[in-house]
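Heads up, there are several structures right after this.
The following pair of complexes shares a single chain, chain A, combined with chain B in the former and chain C in the latter.
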Partner chain A sequence: MKSLSIRRRRNLGILLLLSIVVIVIDRLLSVSLYPVAFVSGWLLFSLVALLAAYNIRKKLPFLPLGSSSTWLQFHIYGGLLSGVVFVVHIAGRVPNGGFEVVLSALFLGVFFSGVIGLLLSRWIPPRLTTRARDSQEVLFERIPIFVRRIRDEVEAMVLECGSQAESTVVPAFYASRLKSFFERPRNFWSHVLHLQRPRLKLLREIQSQEGYLSEVEKSVMGDMVERVKQKDDLDYQYALQALLKYWLFVHIPLTSGLLVFVVFHLVLVYSFAGGIR
Partner chain B sequence: MNRSDVAWVASCPLARVLSFCVDLPTCPPVHLFIPPADETFALMDSPQKGLKRPQRWDIPFCDDMDDADVERVLAAEPFSKLDGSKFRGKVTLEGIIKNDARLMRCQSGQIIVRNGDWGNSAFFILSGAVRVELGTVSDAGVSSEPIDVGRRDVQRKSLFQVVAQLWNRHPEPEYRGGGDAAAGVASVSQGSGEETQVYLADVNAVLDKHLTARMEAPHFFGEIAALGRTPRTATVFAEGEVELLEVRWQGLRDVMKRDEALKQQIDQAFRERALLSFLRSNRLFEHLDDEQLSTICDTAIFETFGEYDSAQPFKDMAQQGVDSGFEGEPLVAREGGYPDGLILIRSGLARLSHKHHHGHRTVGYLSPGHTYGFDEIRASAGQSSHAELKNSLRAIGFLSVVVIPTHLVEELLLTKPSAVPVPAAKPGPADPRDHADHTDHTDHASDAFLEFLVDERFVQGTAAMVIDLDRCTRCDDCVRACAATHDNNPRFIRHGPVHDHFMIATACMHCSDPVCMIDCPTGAIHSDQLEGQVVINEATCIGCSSCANKCPYNAIRMVEVRDERGGFLREASSKPLVQATKCDLCVDQLGGPSCQSACPHDALFRVDLNQFETIESLVS
Partner chain C sequence: MNDPLQSFEHKDSSYERPDRPWVCGHLSDGQPCPVGPDVRGQCQAHHVCVPAPQGDGHQCVRPAAWGGRCEAGPLADGSCSEQVPPCSPVRSLLARRKRLTILSTALALGCLAFLFGGGLSQGEPGTSQPTWAGRLLSPGKLTEAHRSFRHDCGTCHTAGNDGIIEWSSSALSGHAGAQESRRCLKCHDDFEDKYALYPHNLSPGRLQAITKRLQDTGRETAGLIELDLARLVANVPVGHEGALVCSTCHREHRGRQADLTHMTNLQCQRCHTSSFHSFSDGHPELVDYPAPARSGSSFDHNSHYGQHFVEFTRTMPDGVKPESCLSCHQDDRSGGFSVLKPFAESCGSCHSGQIQSDALPGIAFLNLPVLDLDSENGRKLSQAIGKWPVTGRLLGPDTSLSPFMMVLLSADAGIARTYRSIQDNRINLRDLGGVSAETLLEVERLVLAIRKLWEDVAEGGESVLRARLLAVLGEDVSGSDLADLTVGWSRRTIQDSIGRWLIEEPEPDPKPQDSPRPNEASAAAAAPAERLESGQQPTDRPTEQGSKRGWYADDSDSSIRYRPTEHADRFLRAWMEVAVRLQLRESGRVSDDGDGRRALQWILLELSGPFQVRSGRCMKCHTVGQTEGPASRIVWSPFSSSGSGSRFVKFSHRPHLTLKMTCHSCHPIRRPSESDLSLVGRETAMARVVSDIAGNPFGVLSSGLRSMQREQCATCHTRQRVGDSCLKCHNYHIDRISKPGLPHPRL
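And then the complex of A and B:
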């Protein structure tokens, strides 16, 4: 862990240094009336192309192209540097014109979705691990299987309870309150925001039924509470693991869009830049 | 993405290109292995039926052994003395010689086995003589520096072959070419004799420089590595023309099972030579001359704990895990007892524990090369009262130790204190006892992790897959990379026991003592000759499942193999043909284990848990 913190400090130092270099060069070129937007534009394009190349590295794990970890470090700090270069490139002004607005929006979308993804990838894993200590670590693809298994168990319990006990409290409560809970992942945002309220509310509702239950039904309800907790733990794992996976659905399509618009941008710039260069 | 989508992507070239260009992060790799749940998946269409289930000797050790060769070998010692009537049923003596052995004719100076290489066979000298290198002669005396010529590089894929994996991957899972698993991918016999031979340029110069021993017919050598699942302990080269019979260890084991006299002979030689070479390789005994070493050999006691030829006790213990405490771990030496000898760990692992209130705390473990009791013997030397043993020593699974009596240690090792280099015999790993001042030991996190690893027997692993869950984003890039480098078939499961924030994933750990090899009838699962990784030869795997059943960590999976259309290959009785698969540590890839290099977050490590210092660095 010590080496990771050293690496972080080193990379931040390099990022800071490069940012200063970019800004200084931009200022110097501006003073000499050099068309600095071309320099910063090509630098930005190169950075974006290299950052996008990480996806190709991921697709070719058998090629000796360096570790993915090194690529990610470049991706993170290169991405942050691209933000600085972007500001330099647009000279700090707000883009005008439809094409420029879309292009800028795409870049900012990619940039900020990347930053959010980075924060999520640092923030969520320890939370998953901590919660998994109380329940268990599960593979994302297996969660629906476990959920179905729990639902089947609960339904069997309810059916058996209905046939054994003379009252219909448990089946009725299951049908009105628990059936939807066990059907699919629930409380996505509550889990993401680490709110325990829906879980406690449901448990309290179950507890409130106790006064109407026979001994047999109490026993069944006790088992059901355990299943509710298990299902809630699975929902927690589902919500956080899904978030970790699905943020890429924003980042990568935006990147693809950005690359297309960047190419158009280059064509347009060189089409109308005859007098400048 | 459901299964039909996956199949479509897998089968349609355009879709494969699209799926490459457009990243679909949640799509599992084409054949991402999900541990089987309750569902039963529909069988693929048009399964091939009526194939012959591969048998042990379908692919012999060498194709060139004919009946005349077999007869000639059976007429030579020690085979002529074997009682053929003891070999009944399918495994006949003739069958063993024909299928598990090969004849080798070596020229003068040809290196037959090399110190440090991994081997799975023993050699019987039929005619001529060989020289066994025992050490290097110099002005300073005899050292154990081995002959090191002509060592081959590890065979890895070329850059083109690596790139070609991009389009050569088969869309169907567990595809085996040719429609016959037994004649599968690399249908060559193991001992085809086409290896590059290495010769010593000047045999006389080697004889001048190195201390060697001469061996001639009907002696044998190579049994230490073959039976001990360890690297070769000496280099052997031909002196003049020599004819050898190389027997792979499965055959040797069957012969030993049926002939007690040969078993005893091999066992005896195994013990004597193992001890001598073991002592020679140990820094503690470096300063001793031949006479002193032979004194130790004569006096030393071999002790073994657990069953060497069976993984069952080990597996049982691993499965019992933490709950069992130290039950099933035979006590080798008790804390507080008198150190009646210096204990050297020869093979296996031993737990060091220290009494802590009402229980015992694990403070470390000893792996081959480590010593136990030296400090106490040294502290007692010349004193009227003896020093008590600081820790208890218990065997984890099979353990083989050499005990050198205290009086001999005092006489040979402590009379010249300056000659004794370090208390821990093996260089490299830190001696766990150095960390075991147990009364004020307060690093509970480290203690608990150590206890977990020892209780679950993960300390056997030389390349265990450890995942730091606090960093792992569950992105499955490791699984995808593994699949990409193994023809779209992932070879591990990103799931396993968790301690604190470390998960030991279900991947082959390449154990220091790979018990999975014990019952393999064909030698398909073996240690790579150069680097020692445990790998499976698909061409000779007959799908008997013995390795998968033996593996205490369930790291070997039996898979139904398929033809090019995805149909299961079936034998005449309609049972699907299966083969063993596991992590091969990307032994043939250019970039090392792809799982580790594919992890973007530095969360996945392949670590040698055999080394105590690895655990310390992990925890710290």
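And then the complex of A and C:
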């Protein structure tokens, strides 16, 4: 953790330094009547292209292009630096041309989705680890299998209970209240927001049934409570891991659209710039 | 705690491959097959178990990772007894993200092609609405001044009439920015085209000269760190010979109210060799501001207020004493400058009489010198020269010829030498009694030359005058100069004068056609009369005898004189300009290159003497100013604000007069120094002219107003109060070409 903290401080320091350098050079170029938008524009384009190249790097692991960790660090801090360069590039103005508004919106979409992804990647793993102390970590792709397995186990218990206890309290409660819970991942946003209210509510409902249960049924219901907790933990894993995967559904497609618009922007700038380059 | 849901033992846990494009359709049910679909999305469930033939039957060979051998084993027909039902494979998360990415890219490309594939050109000529493409592509609204171009990008951009293909080609090949700037100059054409894109619209040579002059002053420069760093980081982007494109400073598409001319003080100082912190800290002191110490006209507020206006009724009985500054000054059309009112409203009441008063004699243009015709030599001379007027000036130098006539006589070099000899020998034409025969011959030659000049001029009129002037002045005068030098010449006046002064009264003769003419002058004199008798109209302007203005003959001294018709008389002005330009242009050195040119000095003397009792006297008020070229010029016009946009310094009275200030707040009358008082009275106009041309800018021609000091302006012009931007007081674009009736486009 100490090395991680040192690295983060170092990288943040470099980011801060580069940001200051960019702003100062922009100011100095402006004093020299240099077309600063061209300089900051090319810097921004280079950054965006390098950041986008991270996705390509992941697809070419056999090439000696540096470790993925290094690329990720560059992606994170380079992305943050691109935000600074973007503000410098637009000179702090709010774009008011139609195309420029779309271009800026695309960039901001990519930037902030990246920032959100960064925050998620920093925020979710510790939560998953914390929760996994009481349960276990699972692979995202296998969660449906485990959900099915739990559901099968619970249904088997309910059937057995129904035949042994000569009572329909447990099967009826399962059919009315628990069946939908075990069918698929539930309470997505509650898990994302770290709310345990649905879980506790369900457990309270189960507990409220105890007065009507025989000893056998109580035993079955006790096992069922454990399965409910296990399923809820799986739902928690699913919700958070899904977040870690689905933010890229915004970040990467927006990046591709951004690159297309950026190239067109370059063509336009060099066609209409009036010689300020 | 429950049993672990998953095992990571290699035997129990298959390797997850999230990079596969397809996953089993049963995964959502939690029962995926262990094989999974192939890369094309085909279900491979039938490959989970393929019983192998063994003997007569089949044997289960399902791999352990997929569940191992089943207990039931294959069916009799060899098929698996635990067949996995086939599924409809679904795309993996990665594949779905990739499809979304491709879709996003295609959507972006499609949008761009759809919107801008047709370029920005107007569909219908004259359409008042811009295309959607044009609206979308515009990086922002144009300023109010350029608003009318918002519908047609091609007005300002070469690429505005192109399409996406041409844009790509243009972007790759590049194009000259100067071409785009030329489009700006189609409307902003108030610059000399050759230097329109150069810094300050100055030629490189002129800019270099100004720069060197300022550098030679050795002024200290403040060390501005930001400026020094800026110089290290980049140079100002310039093109050939330092030319700048318009967009270097003027950035459009920044909104209706954007200031296209905004520049920071540091940006202004970036090109300058010396720098300073602010107007109040380090800016050069104001020198001779708002007017140079040496005034353009010989008008001293000090002497006029302190002396002339006091003695007003005695010296200028018709003059109107000014009540305030606004009696003589007025705001110009822009309201920014206070300029002198027209002559008639300002100086005219006092000085117009000195120009065109009938009481003052006109300027002698041609004259017949007084000759001694009574002595023996005089009688000999009289016989040789024919009739000569006996009336004439009794006082004054008897050899005096009109300087104008001297110029005309100088066309003949021999006559010029003769006249010089007569002068050098101090021959008195009124007393020829003791002169030698040789001298008498010289006098005769001179007098006959004068006579011939008169006859020629009477016969040929302006053409003869111009021919003689051309012979004397050579190529230094233009055709228009010659026209002005003889403007309004009255041939009739000289013809009448010749008839009176130089032609014998003919004896009554019944046969006048047989009487011999005494000389050619009689023929010349008769010519106009004959023309008049034949009904031919004279081409010359009639003599204004009645009004005593213009050309007239003065019988008292046998001269043809000219009295100015009005202020800014064209004839006198032309002679003054030529005389100043040609005669004294080289640092005031009196030229003796030729007698004709020397005579021009006398013309200056004739017209410049402020105390001579003669009409005209242009140089009483007007001065000779220095120009950048070799020639000097007479400052005929007072300060005009029409060209104020062409100067480096700009000023507008309007915002300043809203303050509680009077004219005297900024322009107090300066108390005269001892040296001023000692010089004012003694200076003659001629001496002043010589001094002016010699480049003495400080002479005594003070306006009498104290120059402004920087501290006066700096009390308000600070960053915190009303601002101290360079552009508040300075123009970047100078040397603008004025267009009558059209305001300068604001740049």
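Convention: the second predicted complex is superposed on the first by the 273 of 277 C-alpha atoms of A that agree within 3 Å, B and C clash if a C-alpha of one lies under 4 Å from a C-alpha of the other, contacts with A are read in each partner's own complex, and residues count from 1 in each chain.
Keep this in mind: a residue touches a chain if its C-beta (ideal position, glycine included) is under 8 Å from a C-beta of that chain, and two chains touch if they have at least 3 such contacts.
Being a predicted model, the structure only gives us computed values, none of them experimental.
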More residues of chain A in touch with chain C or with chain B? C
Just chain B (first), just chain C (second), both, or neither: which does A:Leu244 touch? first
Touched partner set for A:His194, first chain B, second chain C, both or neither: neither
Output check: A:Trp71 vs chain B and chain C. Expected answer is one of first, second, both, neither. What do you get? first
Please indicate which partner A:Arg177 is in contact with in the superposed arrangement: first for chain B, second for chain C, both, or neither. neither
First, second, both or neither for A:Arg10, with chain B first and chain C second: neither
According to the stated criteria, A:Pro126 is in contact with first (chain B), second (chain C), both, or neither; which is it? first
Go through the superposed model and pick first if A:Leu60 touches only chain B, second if only chain C, both, or neither. first
Please report the chain A residues shared by its interface with chain B and its interface with chain C. 136, 139, 141-142, 145, 149, 245, 248-249, 252, 256
Which residues of chain B touch chain A in the complex? 20, 22-23, 25-26, 28, 32, 34-35, 37-39, 162-163, 165-166, 469-475, 477, 480-481, 484-485, 494-495, 498, 500-501, 503, 589-591, 594, 596-603, 620
Residues of chain C touching chain A in their complex? 1-2, 4-6, 16, 18, 23, 27-32, 93, 96-97, 100-105, 107-109, 112, 116, 135-141, 153, 156-157, 159-160, 162, 164, 166-168, 170-171, 174-181, 226-227, 229-231, 233-237, 245-249, 251, 253-255, 264, 266-267, 270
List of chain A residues in touch with chain C within their complex: 25, 27-35, 93, 95-100, 134-136, 138-139, 141-142, 144-151, 226-227, 230, 234, 245, 248-249, 252-254, 256-257, 259-261, 264, 266-277
Chain B partner contacts - residues on chain A that touch it in the complex: 1-2, 4, 55, 58-69, 71-72, 121, 124-126, 128-129, 132-133, 136-137, 139-142, 145, 149, 241, 244-246, 248-249, 252, 256
